Structure formats: C-alpha cells, structure tokens
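You will see two complexes here that share chain A, one where it goes with chain B and one where it goes with chain C.
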Partner chain A sequence: MDEKPQRFEKLDREGIGTSSMSRQPMYKYLDTETGKRTAIRRLLLKPELQDSFSQSAGLPSLNAAQEEEEDYYGVPCMTIREVSLLKVMNHKNVARLLHVEPDNEERFLRLYLEYAGVDLTTFFKENPIWASDPKVTKDLLKQLLHGVAYYHSVDAVHGNLRPHNVLIDIDSSKVNVQYNLLITNLQLLPDTLQSNYKAPELLLGSKELSPAADMFSVGCLFFEMLKKKPLFETRHDQIDKLFRLMGAPNEDNWPGVTQLYGKKLSEYRQLKPKNLSKTLFLSDVEPAGVHLLSKMLCLNPNKRITAADALKHRYFADVDPKQQPKTTITATASSSASTSASVNP
Partner chain B sequence: MPEICSELPDYDPYNPLPLRADQGLERYSSAESFFMAANPEAYVSNSVLMSLRDRGLLVMYKYSECENFDPIVPFLAMTYFDRCFSREHFAPKLMGDIFLHDVELLALCCLTLAWKMRYKTFTVRKLQAEQPDLRVVTRMQFETMELHILETLEWRLHGVTPLCFLQYFEPDPTWVSRRKTISENII
Partner chain C sequence: MAGYSSGDVSHHGTYEGGPDKHSQDKPEDGGRWYFFRKEIEDNSPSRRDGVDLKKEAYLRKSYCTFLQDLGMRLKVPQVTIATAIIFCHRFFLRQSHAKNDRRTIATVCMFLAGKVEETPRPLKDVILVSYEIINKKDPTAVQRIKQKEVYEQQKELILLGERVVLATLGFDLNVQHPYKPLVEAIKKFKVAQNALAQVAWNFVNDGLRTSLCLQFKPHHIAAGAIFLAAKFLKVKLPSDGEKVWWQEFDVTPRQLEGWRSSQPSIVVHDYARIN
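Right after this comes the complex of A and B.
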C-alpha cells in the first residue's frame, strides 16, 4: 500500500478502485499545501511497465521483461518525457501533476495527480436525473473534447481514455449547477479484464497510440454518456461488434487498410455500415449528436474527426461559447501548486 | 501482446513548452529565470565551482561527439548541469572517494537525460557501445544520478533557453533558414 508522505493526508473512506499495477486499493489524498485532492499513479522505473495501455492489456512475459531490462540503463526515456510534459501542462480540464516522489527501494515513481469529484460511471449511478439531461451530456462532452484537444495541441496523446479517467465535479453552490470535467490518467483496474475503448487500428495490430485513437475512445465515452452503458461490453468481441455497426474496413472506406492489416482482416466478413440511430437506439438523441458520434467512431483513423474539429461541430451550436475553458500552459516554479486554472471544489 | 507505444514529443529547443506562437514570448520570459542557474553571479564567481564546471564541460564535449552530432544535446545538458550544480554545489557520492568523478558522472547523466529528451531512440547501452570506457559505470549509478538530477530540476526538462526567443527577435519569416547559424552563435 502507498505510504503517506507528510504533505499528503490519506482520505481513508474515499477509495477509488483497485490499482492495476499493485492490485491494492487506491485512495484519495489531501494535498495540505494546495488543499486539492489527489490520487496516485505509479510509474515503474523499468521500461516494461511504463505504458498504461500495455498494463491494462496484461503484463509482458518475464523473459521479455528481463531481455528489455538488460538493454536498459537509467530512467526510462518515456517516463522522463511523460513526467516533464505533465509538469508543464496546465488546462482546466486536465488533471495537474502536483508532486512527484520516487520510491528508490521498489524502483517506482508516485505521481500525485489532481483528483476532483467522482468518475464518470459513479456520476451516472449517483446522479441519474442530471446524467440524463441532454444539456449536461453536451456540456460534459464539450469539456472532455477541450481536454483531449489540449493533449493533442501539445503533441501528446492520452492513450487511456475510459470512464475511470474522466472525473466529474458537481458545483451546486451556484444558481445554475455546474459540472466540471477533469481528465486524469490513473491505472485502475477496469470493470472488464480488458480495455474496451480501443480504436480499430489498435485492435487490428497497430502499436502506435495516436490522437485519432484517442478520438475513438471519446466516441465510446460519448455513447456511454448518452445511453449510460458501454458501447462494447467486453473486448473479446469488440472488433466483430464494431464491424457489424460501422461496416468492415475495405479499400473504399479506408485506403491502404489491406496492406496494413490484410491478414487480420481476412478473418472478418465484409459487412455494410448500419444506421447508428436505429441500431444503437439513439432515436432520442438529436441528429447532430448521432452524426458527431459516427465521425468519432469512423473506422479510418485518417478520416476520424479531430478534437478541434469536433468542438466546431453543429452539435455544439447552441452551447454558450463564453463557457469555453481557458487554455494556458506554464512552467513557473510554482505552477503545479498555485496556478489559477482549477476545477477543484 | 505487443507493447503499445505512446508518442511523446521530442524536445524542441525553439518551442519547448510547447506554446502557440501568439502566446509564447510572455510565457517564456516569465519562465526563463526558473531554467537558469541559481544565484548566477555567485556561481560564476566561485572559482572552485567553475573549475569543476569546466571538467563537466569536457566530459560532455568528449562523449557527445558522434556521427550525427547534434549541438542542442550538449547545450541542453549544460543548462541542466548549471541548474543542478548552482543549486546543490555537490553531486551524490556514487563513484568512490574522488569527488571529481561524481561531478563527471553528474555531467554524463545530464548528457544522457538531454539525449533522451531529444531522441527517443537513444539508449545508454548504445552510447556505451560507442564509448567503451563508459562501461565501468553501472546501471544503478546511472539510474541514481539521473534520478538525483530529475529531482533537483523538479522534473522540468523542457528547458527554456535563449533559443526560445529567436523567433520573436527575428521577425523575418525566412528566419528558419538562418536559424542554424544564429543558434550556433548562441551556443
């Protein structure tokens, strides 16, 4: 279990799930310096476990890990890049990195990430009426897209977008209740054994996380906001269900797909895309929303809508532009602790 | 299950944070002091520290030489070294009784960190293959010294340097073609 450093006080009753790395319960902590709530993400100082996607997909074999470690000296390159980038990221809808603490004995880093409110699944369960309000859905999706667009604007990808990593904080102190959304990147065990928010190119064998892959995950989350259930219940038949819904990839809808994934694709029948509104029972959703969803779930990553373009989609035409969050980035000495961009209570 | 790779940007000396062109100058100006040596006047006037710094500079000069030499790497590494050494005036005791060797390891690890920020293909093992005398440094010595540097720098490796201001003081849109020459002068 994570030890409590002096600066951070464990909020005992506020467990948030089980760590996918340590298999231990994860808790929230109070940062006594900033008054913010935080949650810990661990990054091993070994190369084989640093990628959250590979963790949620299962650990590599011991032999592979040993071989990789043999070739590795010093702190992993991607760990250095990820933490140093998190240090300068500053956006209202992205969890701030408040503190980094190495555990030299066990060779991992504790990243204290800002935590606010509850995760998306808990929000649906605890607030069924608010969560059913189309205006709330639209507002939350817009905030999610702002956060994802920010990641992409700094040439980074999130790579692990799922309900556990989308936090909603309700501010009911004002006349109009406000919902603040925060994207974090914690390694919590997902409800199912495998991540079922992966883009088709990843399922077909691509090893590269990309902004387009993030947008597919956003599409899955958008559906979940609309229907309060996952688009794909389990991952083992996700690709089959996706092709039944969106049609199977071919050279017409995804030029070059045969060369990239032809062998894997030969296992699947050629299917035509279905009407999303009917198939997914989205008749209560405005047509612009269904159109945006179809753009996010587009099979071809090159044609999938970007976060910046999604924010300009007509689905958001009636949302007050004044509510757009500020985008800032800073590198001042006190930035992680005291900048004004905050969604905390 | 194949490992899935997350792309994280290479260090860009001209826009390290990174920022849009219209929001850069003010941000870089306010952030620059954090990326400089602490108490620079006291640091440069301390002859002992400066002679140790010269030693660090020699280490970087020697080991950064390679086929595709990139001057940004030792330049960035030297800013890490100055930020570390001006704040702490010491290096962790990892190389036996001779302090100078610890300073050399400090300089070497500033260099490996800068390389890792610039090129994701860089590994210490490749460097050791090219520079056989570095094989005496163990994995744990590399890791401990790199972690010491990262903690001293508070993990802020997106160094703001004079190169960040080039685009603001060279308004000519063709400046990119002369960027290399100007950068060489700064370095």
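Right after this comes the complex of A and C.
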C-alpha cells in the first residue's frame, strides 16, 4: 500500500521516550531530503478520539472550542490551527515543520519536526562541565527566550514547555563552542502526566493557555538550568511548594484572584514570599539572575514578565552582542515584507 | 502515498504539479502560492481538461459570489469569507473544475476558513445554508436537506472534501489579507482618509474575486488599491518628506503601474457605476 518513497529513515538506536498516544517508543528519523533529524508529533484528525486521547495523555482540554468540537465535526480546530501556524513559523530557535502526512487509517496527522542534538536533561547529564558554566546557562536561556518570544510574536503559545521539548545541539567544531537551542513540541510519556512546569493559574483550574503561562514554564526551566534539577519534583504538591516559596496569592499581588479561585486559596492565606536566593540555594547565581527568575515565577500572570521584556533584563546586560548568535525577532514575522519578494512586472 | 484517496483527486499532500513556481520566496511567505498571470491562465488543471479561460473566469466569479452569500448568511466576518475565497482559488490552481464541483469545494473552504480564523460554524449550519443556496430555485430543497439520508450524504461529501482540500492546500492555511496593511497605511495619511479607505477597500474586495490574489502578496495588493483609489478620487498622496508612502509596502512606482494594468478595467467601471 505504501507507495511513497521512503523519505524518512528510522534511526532505531535513537529512542526519545514513549509516545503518549500509542504508548509505543518514539524514535528519531532521518529526513533524506534535508539531511536533518526529525521526530514525529501526532495530531488528531478525528474529533471522536479526543476524549480518550486527552485522558491517556493526562492533558486538560485546551479550550472551550475544543470541548465543543463534537458539534463541529471534521478535522479538529486545534489540529488545523497548530499545523497552519507551524507551517509559517520560521525561527532558528524553533523546530521547523519538515513534512506533514496522515497515517494510514487517517486517524492522526504525522508532523515531522526538526530534531537536533539532545534534550535539556540529557545535555546536563552528558556535559556536566559545560552545563555548569554560568555563561552557557545565560546563552541557553537567551536562546530559549528568543524562541518563546517568537512564538508569542506570531500569536501562538507553546503550552508544553518542558526539558524534553528543549533541544540543545553542540557544535564544538569552532574555536568557541556553540550551543544551539531548539524548542520543539513532542508528546512524551511519562512526563506529560506531570504538570510540574505548569503555571499556577493552570494548576488552579484555568484552561486558558497563554503567553504568561509559557513564561512560568520558562522560569521553571531557568531554575533547572541553574541547579540541574527540577524546581518542582513532583506534581501533587507543586502548588503547595510554589505558594510556600512565592507567598500566597491575594488581592494585593493578584487582583481578582479570590473571585477566580477563592475556595482553593483559603488554606494558604498566611504564607509570605520567601527570599528566593536563600530558599532555592542560589547564592552562587548573580543577583540579576535571581531577580529575573522571580519575575518569571510571578504568581499573577498579568504581572509576569514577558519574553520580550525578559530579553531586555539586566541579567543579559553583560552579554556581548557580537558573540551571540544573531536571533532577530520582528513583530510581524509571519507576514513581514521580505526584501527578496518579487513582484510581477 | 497512502492516505487521502478519492475518486477525483489524483494528487496528495506533497503535490508538485500546477503552474510552475516562479518566486524565490521562502516558504513562510507562502511564496509557493504566487504565480505569473500567464502561468495561471495557461497551465491550470482545468485548462488541461478542456475548460477554457472564459469558462474558468466565470466559474471563479461564481464560487466567489456563492462564498460571499454563504458567509453572510452564516454571519462570519469578511476576513473569514476572504480566507475561504483564497482557499478556493488555490484549490483550483491545483485541481480541475471538470472533476470537482465548485460549490461543494467552496462549502468545504468556508467550513475550513471558519476554523482557521477562529470563527467556526457548526458543520450542520454550513451544510443547511449551502444546500439552500445551491438549490435556490427549488422550493422543496429546504425540506429535503432536513431528511436524515440527504443530510448524511451531504455530510459525508463535505467531510471527504475537507481531507481533499487540506491535502491539496498542503495545510498552508495561514492566509494574510490586504485589509490590515491597507488600514494601517491609510491611517498615516493626512488627506481624505475615509474616502480613500472606502474606495481602496472596495478595490481589495473586487480583487479578491479575480486571480490577482494569486499573483500579488497582500501588502502589494494593499499598495495597489491605495494607488488606484487615489487616482480614482484624484487625491495626491504624500510623496515628499522623509518617506514616500509606497516605500512602506516594499513596492516601486513601476510595479504599481504594472499592477494597475493587470487590474481588470471592469473593476473600475463597476465602481464608477455603483457610485
């Protein structure tokens, strides 16, 4: 049946976890056309599979439109929006969509996403010396923020920022070792079941994925880059730990919070914010870094620092722009006038 | 390639046929969707199936009118209608009118555009309204589509069509329109803002129904529409100071003149008649 030429060759030795959909091990593939490595993300083509999928992946329904999907039929909105966005996204810190095809039964759409290097956790494990260099941490965070800022500039949110979805490619062929960071979005078990990179508003029951929620995840990843361990080890007491650290949300630091999540908050009322540097053992980190971290972990999503502002934070002030890989962010990245555009005579 | 199979569609997601790509644009610009007029007119799949240029122009106008009507009855914004029209134009760049019913494809495009532009309409509404418009002259049609069998058959057709359209468009569903650059540019002018906006807006809408949007990018169409509107209204656009207005659109006067000559003169006449 399968007549298409084998563009993608499975790299059997390179497993990258377990798929949340099929529960089969996931592999990397070699794209013989571009020579790039890729990994597959699968999206639903049929809405009736939605429920069982959400449950098995431990994912909340993403928004109201998706819940009503049954009424609309056809290919789910989320699938259509995600693929159409990925198709136009073009940024050096975001994994490119190399190819799209339906599976044989037309139940899923296979997205072949660029894959390079290793994920963040593996990078720490394999390169302990580089990983503990503050300069590398700063460079990686900057690239991560560039990628996330790009997502937000095209009105997209990532919604699933975790170490597994952050890839680091090391290029040691140059005099100065280069680290290239790539944000991807693969569904993997068992990590998908854990929500320990989720923003407090999501933990409290909000279903709205937002740029601010992404930034909280970036904060968690920043901590992980600094300390080589997750900020929140387990899922079940994350909210508890977070409030013990940042203090309980109240009407002063988060206007409207009682109305939104009142009942769930009563038991935390007494908690006061702690000194991050002491509590998280960050004395070896420069104060500007701790300050930036606190802005990312800000409880109130409306006050949390944006990716664009984080890039202007003084933590990055000492970075020599000449040594940095050039990453340009333009607000109209998807529609900007390209200078190479040709117009008919 | 396994997957999307349907009697009518002989090409799939990674379709390579159709008019030749002339542009050196990167994919993110949707560069693969812009062609020279000659390419569009000479190489269309419909032409190979014996549908002549005049007939195809008629069919194109016909599905545009249909989509405008359908969109208004479904109460979707103009942007959604415009997106549906672009989907339809692009579909028939790669597929033949002889093998695909234009109104079925148009209905699918509206259903998809609703989802892409975040103004989804339930499939049921889309089917009922579309069936009603298609069978305008048949007073029994309204009742007929409410029968389960007829409805189910129509639903299957549209859902199959959705896969075919998605594969033909290669999931390039992120469409930009000239409206936004148009409005933003006119805001900066100090003269005749309202009149310019209205006339230029109408030119854009008229252009949508022709193959113009397969030849020019949205910001170029916006620039062309402003250029034409200014001529039409005999308004002089700012051309001194630090920046000449068209520079923002990354076009040159020569391109604007070229655009003008490719704009069907009928558009200008129509507009003159209405006003």
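Worth pointing out:
What we mean here is this: the second predicted complex is superposed on the first by the 284 of 345 C-alpha atoms of A that agree within 3 Å, B and C clash if a C-alpha of one lies under 4 Å from a C-alpha of the other, contacts with A are read in each partner's own complex, and residues count from 1 in each chain.
We take it that a contact is a pair of C-beta atoms (placed from the backbone, for glycine too) under 8 Å apart; a residue touches a chain by one contact, two chains touch by 3 or more.
Here the structure is a predicted model, which means the values were calculated and not measured.
In the superposed model, A:Gly159 makes contact with chain B only, not with chain C. Legend: residue contacts after superposition of the two complexes on their common chain; A:Gly74 is shown touching both chain B and chain C. Contacts of chain A with chain B, set against its contacts with chain C after fitting on chain A, overlap at residues 71-75, 77, 80-81, 83-85, 87-88, 100, 102, 104.
Those residues of chain A lying in contact with chain C across their complex are 1-4, 65, 71-75, 77, 80-81, 83-85, 87-90, 99-104, 106, 334-335, 337-345. Residues of chain B touching chain A in their complex: 1-9, 17-20, 23, 27, 30-31, 34-35, 109, 112-113, 116-117, 120, 122-125, 128, 139, 142-144, 146-147, 150-151, 154-158, 160. The part of chain C that touches chain A in the complex is made up of residues 1-4, 13-14, 22-30, 36-37, 111-112, 115-116, 118, 120-123, 155, 158-159, 162-163, 166, 170-174, 176, 215-220, 249-251, 254-255, 258-259, 262. Contact residues on chain A toward chain B in their complex (touch as defined above): 45, 48, 51, 53-54, 57-58, 60, 71-75, 77-78, 80-85, 87-88, 100, 102, 104, 107, 153-157, 159, 202, 205, 207-210, 329-333.
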